[in-house]
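Below, chain A partners chain B and then partners chain C, in two separate complexes.
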Partner chain A sequence: MIPLDELLGFSGVLFAIGIFGVLTRRNFILLLVSIEIIMNAAILNFIAFAAYSPSGSPSGQSIAVILIGLAATEIAVGLAIVLALNRIIGSVNVAQAMELKL
Partner chain B sequence: MVALPYLLPYLPELTLLVATFVVFLLDVAGEHRRTTLGGVSAFFLIVAFVEVLADLGTWPFHALSTLPASWNGTAQGPILFTSLGIVFQGIFLAIAALVAIASLSEAEDPDGTPTFYALLLLASLGMLLVAISGDLILLLLAVEVTGISTYVLVGYTRKDRRALEAAMKFYIIGAFSTTISFFGASLVFGAYGTTSLLAFSQVPSDPSLALVGFAMIAVGLGFKVTLVPFHMWAVDVYDGAPAVVSAYLSAGSKKMGLFALFAIFVGAVRVFDTAGNGYALAIMMGGLAIATMTVGNVLALQQQTMKRMLAYSSISQAGYMLIGLAVNTTPSLSAATLQMVANVLMKGGAFVAVAAAAAIGVGPLITDWKGLGHRRPILSASFAIMLLSMAGIPLTLGFVGKFYLFFSAILAGGLFAILAIVGLLNSAISVFYYARILKHIYMPEETGSPDAHGGTRSLASSTLGSSTSPTDPQPSVAISEFRAMGYARMGVIVACAVLLIALGIYPTPIVTALNAAAHQFVALH
Partner chain C sequence: MNVDALLFALVAGAGIVTALGALMAREVVHTIMWIAVFFITLALTYFLLLAAFLGVLQLAVYAGAVTILLLFAVMVVRKRIFSREAAIGIGAPAVALTFLVAYLMLEMATSVYTSEPGQGYSVADLSRNLFTLNGAWVLALGLVMLSALVGAIYLAHESRGKAIRSEEGA
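So, the complex of A and B:
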């Protein structure tokens, strides 16, 4: 079995990559990908902690399945919003949607 | 097969679920009128509200309650009914009903209307679930039910570029903050081995891991509650969204985030205070409260448009309420909840008033409201009461809430008194910008066209213009004001203002009820 520390380290790296992506990317699709990477880090954490839980309770795995569903829902809504915006401004670049700054 | 009696305690939630499907079915059946869809939504929301009042044992509805007395305060799997949670359900349903009724006066939009009401009901359902969650994962999922519904709600018109931009910003921030919360939740799960909220009042096996997890959850929910430094999105979103949606976001979904913070942190803040961890969480909450109050107020001072000013003042209000969690005693939680009740009426009412003013052609700038007090006396008086309540002037509910809040911080003693002092200073600052608006509204009219944007009907119905319109006699000024801005909308605005004053003069029953609810909540967590 892979040691818990290595799993947590891996999910920590995933988290850092995701945060970096959210902060630097201006393309909406790449932003969504970065957010997904963070979500996957959280899912990995739940599974890792559940596998090493002293009680052997499978709740961590069930939470992971639920979170995968949540992530899919979120992406669907995000793509719908960016599609509607794309029809109006003709771009998926977040930096071009800045009319609101007064 | 689930036996029916097991579902009965969830009657308010089931009511909203049924209402959502009814609205969707009406849409399929080709019904797109606001009067029908809005009426159905408002009806179901009011039914759910009465059920919540019954569950709280409010006379005369207490006989209708379907919640077994033994369920209140004991965990039923992932569900935990508490009196405070049920009070919050009432708050959420009240603001949803308010928005549903006020939106009856919006322009017809065959495409968007069914979406709007269905999502409004779905978002409210998520809020109700947040209020009865006894499990961290269920709570965050319920927050996300509301979140996903409100992302779409902001951009539901689909043609308005500003609204869509607001929806996109809201979505990015919302999705990002959710994932941060879930990452924090995974660390908390690792530290405690369980996700039950009641477990957080014990010392975990790995306190530092739990602390990092709690901090991440606080950041994630901090985005939702618009705590400084996670507030940047809020102003753009409230500005770009339709005004009724802004009312719902500011008065509704923000309160949901605050209740989520209460449910997670009331036990945790106390544990980390006593377990020799140097008041880490209390200091974090207090610091966030101070930053939020101050930054919100200082930025509100410089705003030129009404909606952005209300958005910044809404941010600073969140800071006041967070004092309740930082102090973390029964009186402070009860006072923060009272402040939220006031906030539903004054923030919800104020955004609806902005929508009403826009309907008669008043521009977005604060200076556009100049002289409105003479032309639209009822709207202006109601709006003035809301502003006075936000500033915390006596005889309004906003004053009562702030008074109890600062008093509870002083009662807790020690460093918490700093929170009360900063809060008082901020209240003083806020009076400046509220007074500036009042001055504009009640300034004497300048010469020239008094109602340049208003069109002929509002000119004829205005008090100053009445001399030029012999067909419109004096007594009908109030009626024509209601007609020009929509009966439903004006009814909501006036009701909010009247309640603010009525509860501000006689707050005893509501304070007593909130104290009992907060006492049970603190004892439980």
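So, the complex of A and C:
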């Protein structure tokens, strides 16, 4: 079995990469991709802790299933916002979306 | 070093490289290709953690559905499909903050209490736990998905943009 600290380190590095993407990219689709990387880092944490659960309960995996559904929902709404932004301001650059009135 | 640790080192290395590749790619289509591989590396990690069901779910939902959804969005925003984004402004504060976050995460990871690893869970165990102890969360997820569906249709409805444009024109 993989050591827990290595898994958490992997997850932490992925989280940092996601934060880097959110801070540096301006394309809405790339922002969504960065947020997905952050969500996946969190899901990996849940699954890692479930594998090392002292009580032998798969609750961490249950929460991971729910989080996967939540992340898929989030990206669907995000892409609907991308389409609306593209239709209304003609760009998917968040720097040009000066107001939230879509 | 046992086989699991070696495989994990390979998979984690590939995961970090593909995540960075997704964010550093200049074309959006390339980003989506990188992120698809990234999702597959995470699915492999779940398999290594004996969470086979979640690995399959990761492959179906992320590597399959989410990737295709992202590609579809790029295709709809067609004129930018092969366009390059303006030069990425890698600001020093962003890089510094990224390294700080990574450092703190690694510090916490090495100081965590570790118990003995389990033998993995069967799908029956997982579903029993999911629909009894966490049943309320499943219902809440259903409600969130329903409202997201309605919200996405509302946002993407064609007449909405026209109405706003005619308001602005008036």
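The working rule: the second predicted complex is superposed on the first by the 98 of 102 C-alpha atoms of A that agree within 3 Å, B and C clash if a C-alpha of one lies under 4 Å from a C-alpha of the other, contacts with A are read in each partner's own complex, and residues count from 1 in each chain.
As a convention for this text, a contact is a pair of C-beta atoms (placed from the backbone, for glycine too) under 8 Å apart; a residue touches a chain by one contact, two chains touch by 3 or more.
Note that the structure is a prediction, hence the values are computed from the model and not measured.
Trainee: Which partner does A:V94 reach: the first (chain B), the second (chain C), both, or neither?
Mentor: first
Trainee: Please determine whether it is chain B or chain C that touches the greater number of chain A residues.
Mentor: Answer, by number of touched residues of chain A: C.
Trainee: Once the shared chain is lined up, is A:V82 touching chain B (first), chain C (second), both, or neither of them?
Mentor: A:V82 contacts both chain B and chain C.
Trainee: First (chain B), second (chain C), both or neither: which does A:F10 touch?
Mentor: Once the two structures are laid over each other on A, A:F10 reaches chain C alone.
Trainee: Kindly classify A:I2 by the partners it touches after superposition: chain B alone (first), chain C alone (second), both, or neither?
Mentor: Once the two structures are laid over each other on A, A:I2 reaches chain C alone.
Trainee: Would you check which partner chain A:I63 touches, where first means chain B only, second means chain C only, and both and neither mean what they say?
Mentor: After superposition on chain A, A:I63 lies in contact with both partners, chain B and chain C.
Trainee: Please work out whether A:I35 is in contact with chain B alone, chain C alone, both, or neither, and reply first, second, both or neither.
Mentor: first
Trainee: If I apply the document's touch criterion, which positions on chain A are contacted by chain B in one structure and by chain C in the other?
Mentor: Looking at chain A, the two contact sets intersect at 15, 18, 32, 43, 48, 53-54, 57, 59, 63, 66, 70, 73-74, 77, 80-82, 84, 88, 101-102.
Trainee: Tell me, which parts of chain A touch chain C in their complex?
Mentor: Counting only chain A, the residues touching chain C are 1-21, 23-27, 29-30, 32-34, 36-37, 40, 43-44, 47-48, 50-54, 56-59, 61-66, 68-77, 79-84, 86-88, 92, 101-102.
Trainee: Which of the residues in chain A come into contact with chain B in the complex?
Mentor: Listed in rising order, the residues are 15, 18, 22, 28, 31-32, 35, 38-39, 41-43, 45-46, 48-49, 53-55, 57, 59-60, 63, 66-67, 70, 73-74, 77-78, 80-82, 84-85, 88-89, 94, 97-102.
Trainee: Going by the contact rule at the top, pick out the chain B residues touching chain A in the complex.
Mentor: So the residues of chain B touching chain A come out as 137, 141, 144, 148, 151-152, 155, 158-159, 161-162, 164-169, 171-172, 175-176, 178-180, 182-183, 185-187, 189-190, 193-195, 236, 239-240, 304-305, 308.
Trainee: Provide the residue numbers of chain C that touch chain A in the complex, in ascending order.
Mentor: 4-5, 8, 12, 15-16, 19-20, 22-23, 28, 31-32, 35, 38-39, 42, 45-46, 48-51, 53-54, 57-58, 61-62, 65-66, 69-70, 72-74, 76-77, 80, 85-86, 88-91, 93-95, 97-99, 101-102, 104-106, 108-110, 112, 114-118, 120-121, 125-126, 129-130, 133-134, 137-138, 141, 144-145, 148-149, 151-153, 155-156, 158, 160-161, 164-165
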